[in-house]
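Take a look at the structure set out below.
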Amino acid sequence: MSVWLLAPLQASVALLLAPGLIGAIRWMKARLQNRRGSPVWQPYLELRKLFAKEVVVSSNASWLFHAAPFIVFGSTVTVTLLVPLLAVPLPFAGAGDLLVVVYLLLLGTFFLALAGLDPGSPFGGMGASREMTVAALAEPTMALAIFALAWGAGSTDLGQIASRILTIPSEALAPGHVLAFAAIFLVTLAETGRLPVDNPGTHLELTMIHEAMVLEYSGRYLALIEWAASLKLLVFFTLLANLFVPWGVAAALTPGALLWSVLTLALKLLALGGAVAVVETHIAKLRLFRVPELLSASFILALLAVTASFLLR
Amino acid sequence: MVSGYAAGAAAALVFGTGALARWASALGAIVGAAAGVALAAGAWVWGAAFVLEAPGLLGPAGGMAFSLDGLGAVFLGLTSLIAAPSALYGAGYSRTWDGRPALRQVGFMLNVFLLTMSLVPLADGALTFLLFWEGMSLSSYFLVLTEADGPDVVEAGQWYLAMTQIGLACLLGAFLLIQSGGPGSFASLRAAAAELPAGTRDAVFALALVGFGGKAGLIPLHVWLPRAHPAAPSHVSALMSGAMIKMGVYGLLRVGLDVLGGGPAWWGALVIGLGALSAVLGILYALTEDDIKRLLAYSSVENIGVIMLGVGAAFLFKSLGMPQAGALALAAALFHAVNHAAFKGLLFLGAGAVLHATGTRDMNHLGGLIRGMPWTAALFLVGSVAIAGLPPLNGFVSEWLLFQSLLPGIGVPSPLVAVLMVLALGMLALTAGLAAACFVKAFGITFLAIPRSPEALAAHEAAWSMRVGMVALAGACLALSVGASVILPLLSAVAVPLVGPAAPAPVFNVGVTLRTPEGFARMSPLLVAAGLGLVVLATWLAVRLFGSRRPLRVGETWGCGRVVQTPRMEYTSTAFAEPLRRIFAAFYRPSEDVSIDFHPESRYFVQSISYRSAIEPWFERYLYAPVIARVRLWSERVLALQSGSVHAYLTYLVAVLVLLLGWLAVTGRR
Amino acid sequence: MSPQLVSQLSVGGSTLVLLAGLMMLWRRGVNAHIGAFTAQSVALAATTAMVGWFTGDWQLWAVAVLLLLVKAVGIPILLKRMARRFGTERELEPYVNTATSLLLGGLLVLLAYVVTGPLVSVSQLPTRTGMPLAMGLVFVSLLVIISRKKALTQVLGFLMLENGIALLAVLGTHGIPIIVEIGVFLDVALGFMVMQVFVYQIHETFESIDVEQLNRLRE
Amino acid sequence: MSAPFLTLLLPPLLAAAGALVLPPRWRGSWALHAALALVSLLAALRLASLVLDGWTPTWGPTDLFRVDALSALLAACVAFVAALAALLGPRLGGEQHYTPPQVRRFRVFAALFAFTMLVAVTANNVGVMWIAIEATTIASAVIVPLTVSKASVEASWKYILIGSVGIALAFVGTVLAYFDFVTLVGQRDYALNWTVLLANAPVLHQPVIELAFVFLLIGYGTKAGIAPMHTWLPDAHSEAPAALSAMMSGVLLAVALYAIVRWRAVVAAAVGPAFPSRLLVGLGLLSLGIAALSLVIQRQYKRLLAYSSIEHTGLMCVGLALGPLGVFATMLHLINHTLAKSMMFFLSGRILDRYGTPEIGRVSGLLRVMPLTAGLFATGMITLLGLPPFGMFLSKFTLLRAGFAGGQGWLMAAVLGFLAVAFVSLLGHLHRMLYGAAPAGVRQGESDCWAVLPLAVCVVALVVLGLIVPAPVTALLDRIVEIAGR
């Protein structure tokens, strides 16, 4: 199999798995809350329905409103090309490192916020404002956590970070590593609109962040945005899974190894999804103005992670 | 170059106050800028030395001398890069002043400004440097005062020139401490600096930092910047923000790294600290601004802070004996300086177009301009993405490089430095995040949604010359991103000799990929841009091909069931920044004032609510105001001497006579 | 004439000149002031003539005659005319009262001794012994100008200052070159005239020659 | 060598005589006045060129008059400002405010004033120099109250009293120096000649010379506007007619400073430069500080300019103490100050004429009311602020360079601090005057533009001095440094 086919393969795997991940989390959450829950494949059905539906656009919206879903979706898909989903090293590793991943995701958020402002809805503005606030505050944690990893691995390159743990397994339990994991986990909750920062299931406008921003979207645009959101969650989970616990990632590009890698990835994602489901079941949503406290806690974790990684070297 | 600008200046004076004068002076400036680019490229890319000595000028002070090395060429190139589009833009923008003497003033001073600013990096010698430095300040001061009737404009000019002057006093001290006799050329300064005692070197550096930091707008010396930049005509703001404040960076590099050759680690640490402070506070101030040009001005403070992080890291790494890391940091800082020139220039030009079309800079009165001014909106969006440091544009590349260049600092043996570096990295990341939020606000509130005032509704697209100027800069933003792997090797060639005698150059040009030293990280702006473009295009095609074919339906925006959507229901600029204002309340110390008018009949019917909120101007209140008050107090005391009584006056005279005679009597017997 | 005698005579002359100056501090009436000044000028002229006799220098004789004519005759006439014009306004409340003034005057003479110490030690001239007194007069005149409120008194103080300097020159150097001396005389005369004009103007515009009223120009 | 002296010194006397007899309203009398002043200026320039050719013209018995480089420079400055005053006096654009007798009085005494200053700077004999400087007080004090008011009478009384007392102290100093000379060498007619004093300086007694210099510095310092003897200066400058203010601020202070420079050279030769430097730095810094702080909340623009003169005098005093380069810078600064400050005072007269008020707070919108005047005023102010491309930038820079070269870093820091205070204050006041809405009742539009044109000469000269400093000027300054810079 040609090396260059890996990229589209990765993207397709990610695209296919992402809605399922959302469905799985929802299902697990429902079970934990003693509900039956919708089936795991429900998100796929929703996407299909949305793609088929008519699009209603606000009379105030400009071209940006139409372009934003494509940019959001496109930037997230581009990220899946860079993240070591299935194998290391990736053919495109030279194109971008972990920072590029973070900033590509921020690009999506940027346009989504703009699109939220575009129709002139007060909810869109509110969502955009809050989303950007959370994104801005999550940024330092993310960066420091990345540098904690990078300092250990001697590179911000995703592949190298993963390979290092594979070669020196004991590093996986190094304090810097663990702390960085915790920090990124908290950031994941914030960045992907999970509880306790945002409630993905809410339908009360005033408490919404992400949902408020995309309130005006419908039809295929909404489908793209929802899909991109699930993809983003998947990317974060993949980072958590394959950078911190990289076992199972294919080191050689044989069909068997890749298949094994897909399977382990799915398992790891399920485990992380389960963790999120547990967290979401046990924790209520925070007030918006207490979110910074959570994020500063994660920042401290990241700071400790960096400090630990260079003090204990 | 000189003749181009001179011709432009003369044209502005000669051709009256009509379209001809506008175009003639712009043409002069463009010719001058083109020559500047050629000169810079000659010295920089092909290493052609440029030396010109004019001992006849300013003979008594050692004569003038010019030469251009790589560092100067970067800044000359940066200036010229933004000068031509701004001048072109100015030709359309200045139509406001047709038939008024102000046009003559703008045309003339703009050319003088560009000329003196271009000669600053060419100057080879303390006096020549300071002369053009002051020329640059003075001409831009006149440009700031173009619309002196506007509110706060004169005050802005006052602050600006006053701060400049305090800076100049420091610079004079710095240069003269290095060498007070002799030819004064940078080569001789370098030789003299090598023999200075450590204390003097520290003093020189501190003075240079204050002098150049003030010009660059480093917090807490930034107070003039958010006043002066908005007050100036927009293409001048673009030049001031894009190019002029960079001269502060240039000066610091020239004196600190070139002439002094670097110093102890605390120099770098200090610069990093101030840079981080400026970056974070700058963007925090920008976030709460409602005036779009002030927002951009504060964002310049932020970006200068970001550049200074790189500069400081270069100082630090040099003193720690890590020349390669230093070269990388310096190259990143230089690259960010060039990038900032491109996108901040673009943004100021865009803001100018908005101001031109609507007559207001208050974002709470704007909105919906994307329909009336599609070009301006699209170009402003490009600038916003670039300045927010998002791929695939140039701001991202330089921020990425800065991150990478600060990273080696974590590994230095001194824990203090390492902690500082970690904090700097965190601040840089926070800045980047806040910048994204800030420019969502700047673009979103200004250009999107429903117009908030009749002026915004009636806005028209900018003149073609203005648009061409903006397009050129937007193109530069993209070119600087995808061409980074071509430009960065050149920048590192400039940086390497500055940070150490034998610094190996950071490897940059692996095809289209950037690679930092020792393979620490790789990134290809071109591939990222291409990949992003391809994926977005593919998505669009896929949706087009496979998605629903049902036509769009236009409906009202959802307003909780309310039928009519009015601009008053929209999120405003103030509202957008509210969460951050609350989160950083400890810093902003916002004062809020809500006054509610009730219906006279019943308290349950509200007639109007007015909300006013202001953030506390810390630096003005706690740093500048006490000094000003103290000086005024002393002034009153001194003026009390002039009491009007001739007897008192004569008493002073006799008293000083008696005192001096007494002094002689006591000490005179030697 | 023996140097000792010259020395004693110059001290005596200087003492007279200085005493006339101290009179200004003691007395309050305008006419008394003018009288003191006239006496002082005569004493100065006499001292100058004495030194001229001692050195045999015709220039000093000429200076003595000039002094007598201008300062002992001409200026007092003009001063008296002014005094008549303004009535006999008295220095009622000087800034410094008489007792303190005299005390200060004494201190200033002491200061003059300290200050002129090096002069006396350097010079070989027999007349040098009077120099501290001349310098004392300079200081006392300054005190008069500072502490007295009437414009006319200040003019008198200034004229005495000139006398003090003239005495200093005669005693210390036996006279400065005649051309300079004449120029100085011209200046003194012109200066006095102009001051006189101003005193009249002050009287016209302020209806008093009390300088205390001149405090309109202040910050 | 009498011709150049006569063509320098006679015209002012002739002009005074002419003004006395000719009807003041007649244009011919104005033209004659101005032409004579120009002749004097040409003679001064001729003397300067002679000096540059290596001559040192002397004239009169026992070389009473002598022109070296320092004299030539000052003579040229004096003659230049006197010519401007003759062309533009007594009040630029506002002659109609004066009655013919007043104009006559002004012309007579302005010419005499110029004459006395020219004598002061060309006299070799320090006694004659003293006489001339004392006479400047008399000649100028007469026309300070050209229109009699309480304020102008008060100002002139203060001026003449303080000025006379001060200058009398300078005579004490002169006598003391002469005394020392006579004690050593015996009586000589030429003993008061500066050249002779300088030649014999090394043998003079240190305590006596130091004593003399204290008196001389305080005496001439009073006229030069050195604090704390400066108190007469703001009053006199603000009440005098514009042209007289220009002459006083532009050159009278410089002439007094000239006397200090001459004596400083003698004293430095006698007891070494440290002693005079210490005094000059102390008083110079005091002047600089008091002037800078007085500028901050100043309310009247003519007083503002007066305090600015004190500031620059202080700066020049400090400069004199900074060795040869400092003297060079000081002299360059003196030229610049003469050009800029005289122009500013002429313009202030014009502003006063239009607005009818000396208050800064009530002058606004100057740019709109009188664009040309405002432009020149702003240019002058920018010069005084020490910004390029005008000459003061260069002279200040050179002065600071001299200071740092002399290892006086802290002194220069203090100087820079005071300069910054002055800068900010002056700039603020300038802004207040230039911008804003013009007060009601003030006529808009420039009148008598031609009258302002001669002032453009000042601007051109300032720019030239700021960028190239012509070789003759440099040569002249170098000579001055040789003469008085040790």
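Letters A, B, C and D name the chains as they come in the text, with residue numbers starting at 1 for each one.
Everything that follows uses one rule, which is that a residue touches a chain if its C-beta (ideal position, glycine included) is under 8 Å from a C-beta of that chain, and two chains touch if they have at least 3 such contacts.
None of these values were measured; they are calculated from a predicted model.
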{"item": "Centrality ranking, top chain (CA atoms only)", "value": "B"}
{"item": "Of B-C and A-B, pair with higher C-beta contact tally", "value": "A-B"}
{"item": "Whole-Å gap between the CA centroids of chain A and chain D", "value": "78"}
{"item": "Inter-centroid spacing, chain B versus chain A (mean Cα positions, whole Å)", "value": "35"}
{"item": "Computed distance of Cα centres, chain C from chain A, in Å", "value": "100"}
{"item": "Where chain B and chain C are represented by their mean Cα positions, the distance between them in whole Å", "value": "69"}
{"item": "Junction residues of chain B, two or more chains touched", "value": "639, 642, 646, 650, 657, 661, 664, 668"}
{"item": "Junction residues of chain D - those touching two or more other chains", "value": "157-158, 161, 165, 207, 211, 234, 294"}
{"item": "Touching two or more other chains - residue numbers and ranges from chain A", "value": "none"}
{"item": "Contact graph of the chains (line, ring, star, complete, other)", "value": "other"}
{"item": "Full enumeration of touching chain pairs", "value": "A-B, B-C, B-D, C-D"}
{"item": "Residue ranges of chain C touching chain D (in the complex, touch as defined)", "value": "115, 118-119, 122-125, 138, 142, 145, 151, 154, 158, 161-162, 165, 168-169, 172-177, 179-180, 183-184, 186-187, 190-191, 194-195, 197-198, 201-202, 204-206, 211, 214-217, 219"}
{"item": "Sites on chain B touched by chain D in the complex", "value": "56-61, 101, 127, 130-131, 134-135, 138, 145, 148-149, 154, 157-158, 161-162, 165-166, 169, 172-173, 176-177, 180-181, 203, 631-632, 634-639, 641-642, 646, 648-650, 652-653, 655-657, 660-661, 664, 668-670"}
{"item": "Residues of chain C touching chain B in the complex", "value": "95, 111, 114-115, 117-118, 142-143, 145-147, 149, 211-212, 214-219"}
{"item": "Complex contacts: residues of chain D adjacent to chain B", "value": "157-158, 161-162, 165-166, 169, 206-207, 210-211, 214-215, 218, 222, 228-229, 231-232, 234, 279, 283, 289-290, 293-297, 325, 328, 332, 367, 371, 382, 385, 387-389, 393-394, 397-398, 400-406, 409, 412-413, 416-417, 419-421, 423-424, 427-428, 431, 434-436, 467-469, 471, 474, 477"}
{"item": "Of chain B, residues touching chain C in the complex", "value": "639-640, 642-647, 650-651, 654, 657-658, 661-662, 664-665, 668"}
